[in-house]
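Listed after this line are the structures, all set down as structure tokens.
Paired with chain B in one complex and with chain C in the other, chain A is shared by the two complexes that follow.
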Partner chain A sequence: MKLSVTKVCITYLLLLFLVSIAMVFIPGLDVNAFDPNVVITGPQSPSLTHWLGTDDLGRDLLLRCLDGAKISLLVALVSVTISTTIGTLLGVLAGFFRPLDAIVMRFVDMMMAIPTLFLILILQVILTPSIWTVVSVIGLTSWMGTTRLVRAEVLSIKERVFVKAATARGIPTSRLLFKHVLPHALNPVIVSAMLGMGSAILIESVLSFLGLGVQPPYASWGNLLENSLKYLKEAPWMTLAPGAFITISVLSIHFIGDSLRAKLDVKDRA
Partner chain B sequence: MVLKRLLGAIPLLVGITFLSFLIMRLAPGDYTSMMMDPRMTQADMAALRENLGLNQPIWMQYIKWLKAVLQGNLGYSYVTGKPVLGLILERLGPTLLMSVVSLVLILVITFPLGLLTGAKRYSAFDGWVTVLSFIGQSLPTFWLGMILILAFSVKLDWFPTSGYLDPMAEVMGGFASIKNIALHMVLPMLTIVIGSIAGFTRYFRFGIIRILNEDYIKSAKARGLSDKRILFKHAFKNAALPIVTLLGLELPGLISGSFVIEYIFAWPGMGQLGIQSAFSRDYPVLMGLLLMTSVLILAGNLLADLGYRWIDPRIKHS
Partner chain C sequence: MLKVKNLSVTFQSKQHKVSAVDGISFEVPDGSVVGIVGESGSGKSVTGYSIMGLLGSEARVKGRIEWNGQDLLTLSETQKKIIRGREIGLIFQNPLAALNPVFSIADQMVETLRLHHSLTYKEALDRAIQLLQKVNIPDAHLRIFDYPHEFSLGMCQRIMIALTLSMNPKLLIADEPTASLDVTVQAQILELLRELKHEFQMSILIISHDLGIIAQSCDHIVVMYLGKVVETGSPQAIFHAPKHPYTQALIAAIPSADPDKKNTAKPLTGEMPSPVNLPKGCRFNTRCPHVMDRCFQENPPFVQVEGSKVACFLHE
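== the complex of A and B ==
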């Protein structure tokens, strides 16, 4: 039962991503095709021609949501890659080298005391928002959890016999770290990276919703919601569709993360 | 021990203030751009910069700025020209009201839920709560807020869509005002609560599972006490201990985490101020808010830590 839910989730995310990419290569398909009549009459409700309705410019919402999927998923993927890399490196350094431990962990404490979402918002205001700033700002502000996880793992791995044996054989420290210590610390990192994708999608959606994230002409689920607040009364489908895509995708990621946790036998540190 | 913890917070405070300062300097334009006058020459500008100490090394500027901050001067808003500290304090009331009431509600819901699911681990009930909390964690909170407005304001017309206190009710004063504020509070509060149920329930669930593995529970079982008695007399009381810690740890997070919700519901708190300042590029207000919320989080962590030592002597002796 559990396994099949996971498979459904993986299939859904992969299909969504592939369709979203493939749409770029379909000749004659214009996701931004607008309808001048709609601009006058207002957003169209869901119908057989437009399954999820249209926005205020008459653009098909289903196509826009599918088109936005690749940006939302890529933003999550790249920012998590950044935060996981930083988090893992700092965690290994802190766990393995005693003098660095205090400095790195103090820095982690400091970053943890700053409200992340608000810091991201301010950085986005100062920088000119674009896909790249969104990706780097999310990546640079969400590595602290990974550092803590990796440090704790490394601290315990360091005391295991095979590490002591390797040290006694006199192999170089870098080789010891990357060949012997790190591979044993990776399971919790994989799980937290998976869950991190979920929160990255959510953060991107908040930023873009406020107009401080992914900018048009690129569509993301967040910026599809940006002007839907204005049409909440007349055109609720403009709000419902992108939000549903976000929720279902993040939920899938959580399910996959949870089964990875079980499979890799990672303790839950809630 | 208390002193050690307090001293430990100082480098963090210095770090946070220095980071805030650096970010503010990163922002385009400095305070001379606000005082600029078209009649001023380049030389006047240079003199002004010199007078304000903008040519000094960055660490000296930081110390000067820090001195002012410690005296309560967080600078002046670019938009209204008012002192930042005053602007923030004006918004503190509504934000505290919303977060404290939400937090109480969250605890009332999640504590029993966590205990029940933890005590009956892997039951059907536990499974359903887990799935529901996954869904709760996956909802973008601002979107949830919009859905609630759609359902309960637009369609059912039970609650106002946004705001804090209608002018009419304000004039009437007394009970009418309180009722009006309460009505405005329901939907944003519900949004915050639904968004937080998952995390808190999991927390209490793990707490009770850990406690049920303790030796004193096993010995109670060995003495032949009933499951009910063990749960109510031995386990639940100890599971309630971390609530004190949670108050310190979660309240500041709730305050800074709900700013988008305040914005959507036009709730006149610190969060709404933050978003408005973001839109108008009002950097001094933004930095003031960042600094205030960070200090609040730090203070909360410290209080939680000290509170926990106070109520749970085991920590002190271990």
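== the complex of A and C ==
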């Protein structure tokens, strides 16, 4: 079997997710268990017992990173679901109903003019930071790209003959929209949702890094990074381990998104 | 019955005002087949679309389109939805494009049937299979689960007809129903339409550029040129005694199938003027062999000449 980059990426992400979920069910495994000796001697470098070393409290970094994968991937998944749903709905409305178009698209322009990261930061400062506020804030501030994509697709699809034919058969507007128009607009949405997951992981890391995201004792790649900062010189592995997980995961997601685009692009095949 | 009175359609773009249809009138009596014939850009498809209310918001439609006494142009969108399909059905030039490519034939037919009649899924599926058998789709009970791209164009047009008939419309508008099909399939589709017309007791409005199709199937013919009706009459009158120079030119352009005769077909010279910049007076004045000074000043009114009505000063 040909070994393709995409397959490796999919396998990697699936394994990561499954392992991090499975860890919850392993009896006696406590990712937060710390070693009092280490607290005095400082972080331990990678060894056979701790493959990626330990942090300042003697907690195994590999376990922490795998545990953090659960949170990071969950945040990405849920926030992308929120943003894709909002983006698709608004895009369909803007594309199909002419009078709504200007209103929705100017709102999109306005949202895009606000630097998203600062908006997220302000919201996180006002709200009490928790996983759920992180998820909703990322979801509610990253739907605009999807809206533009869906609107553009719907604009062209609604002029196609089969939509006119369905109208001529008296099919109700809501059904026309969601059954006859929307399925044809979904390909680019799937691709952009995939790429959106990558940026959601990054945003989550940034927020947690600034202490405004996922709060300890929950581990996420972002707050592992934040914690490592104090030991950057004496224990660089504490930064490298979660950093590598973030980089490899985002890269994998992008590779998958890219090959999805190649697969789903009908124009490319015709 | 359908009565179109003084129908005008203009499209307003930023720079231009395009007059696609200009004050046309015709009737489709119950149970009859009426054909609209004209070359590309004559406004025949726009006429069909405006009857269905399918033109976009940039189109300005004026006049009256009466369906059994009711003006379709004044109906609300909800009332139009009831008329569409249930009373007036439309089939398209390219049947493959008119079927949704991501749903099977069964999905699309059952959806339409259940929308217009209260049927269970099973009943609707049985009815759909019956309809497909009526339009001669072999193995209808198996093929109904196939997707549009798995059928030939001729079969797609049959399916489109079945889909439209599933609503029992009283009037079927066929916009170039055979333009994308080869000649033998064309004949089959026309024969099918003729049979179904009797069975479903409907009237048909055929829109075509093909005089042959129109001649075979229609009771009454409307000839259009640049958004205006130039001549209307029975097929006999139109084909054996065409009155308008445009109709005469169309008939003269049909090549003879007789191998012994030399090809005497005389194609019309010149090009159709742009609908953005219409000629003053009679619209045919740029290409008419019998053009007079008057044709550049006034619009010719309709006059009754024997079996047909014609808009030309030659017959005043």
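One rule holds for everything that comes next: the second predicted complex is superposed on the first by the 262 of 270 C-alpha atoms of A that agree within 3 Å, B and C clash if a C-alpha of one lies under 4 Å from a C-alpha of the other, contacts with A are read in each partner's own complex, and residues count from 1 in each chain.
In the analysis below, a residue touches a chain if its C-beta (ideal position, glycine included) is under 8 Å from a C-beta of that chain, and two chains touch if they have at least 3 such contacts.
Note that this is a predicted model, so its numbers are computed, not measured.
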Identify the partner contact of A:246: answer first if only chain B is touched, second if only chain C is, both if each is, neither if none is. first
Requested in this report: With the two complexes superposed on chain A, say which partner A:130 touches: chain B (first), chain C (second), both, or neither.
Outcome: neither
Let me test your reading of the model: by the given contact rule, A:106 touches which partner, first (chain B), second (chain C), both or neither? first
Open item on the list: One more residue to check, A:229. First (chain B), second (chain C), both or neither?
Closed with: first
Touch check for A:85: first (chain B), second (chain C), both, or neither?
neither
Worksheet item: First (chain B), second (chain C), both or neither: which does A:184 touch?
Response: second
- Figure out whether A:161 sits in contact with chain B (first) or chain C (second), or with both, or with neither. second
- Task: Could you look at A:198 and tell me whether it touches chain B, chain C, both or neither (first, second, both, neither)?
- Result: first
**OP:** Once the structures are superposed on A, label A:117 by its partner contacts, choosing first (chain B), second (chain C), both or neither.
**Re:** first
In this superposition, the partner of chain A with more touched residues, chain B or chain C, is B
After superposition on chain A, the chain A residues reached by both chain B and chain C are none
As the complex stands, chain B meets chain A at residues 11-12, 15-16, 19, 23, 26-28, 134-135, 137-140, 142-143, 146-147, 149-150, 154, 199, 202-203, 206, 252-253, 256-257, 259-260, 263-264, 274-275, 278, 281, 283, 286-287, 289-290, 293-294, 297-298, 301
As the complex stands, chain A meets chain B at residues 106-107, 109-110, 113-115, 117-119, 121-123, 125-126, 198, 202, 205-206, 209-210, 212, 225, 228-229, 232-233, 236, 239-240, 243, 246-248, 250-251, 253-255, 258, 268, 270
Per the touch rule, the chain A residues reaching chain C in their complex are 98, 160-162, 164-172, 175, 179-180, 183-184
Seen from chain C, its contact residues with chain A in the complex are 52, 54, 57, 81-86, 89-90, 92, 94, 97-102, 111-112, 115-116, 160, 163-164, 167
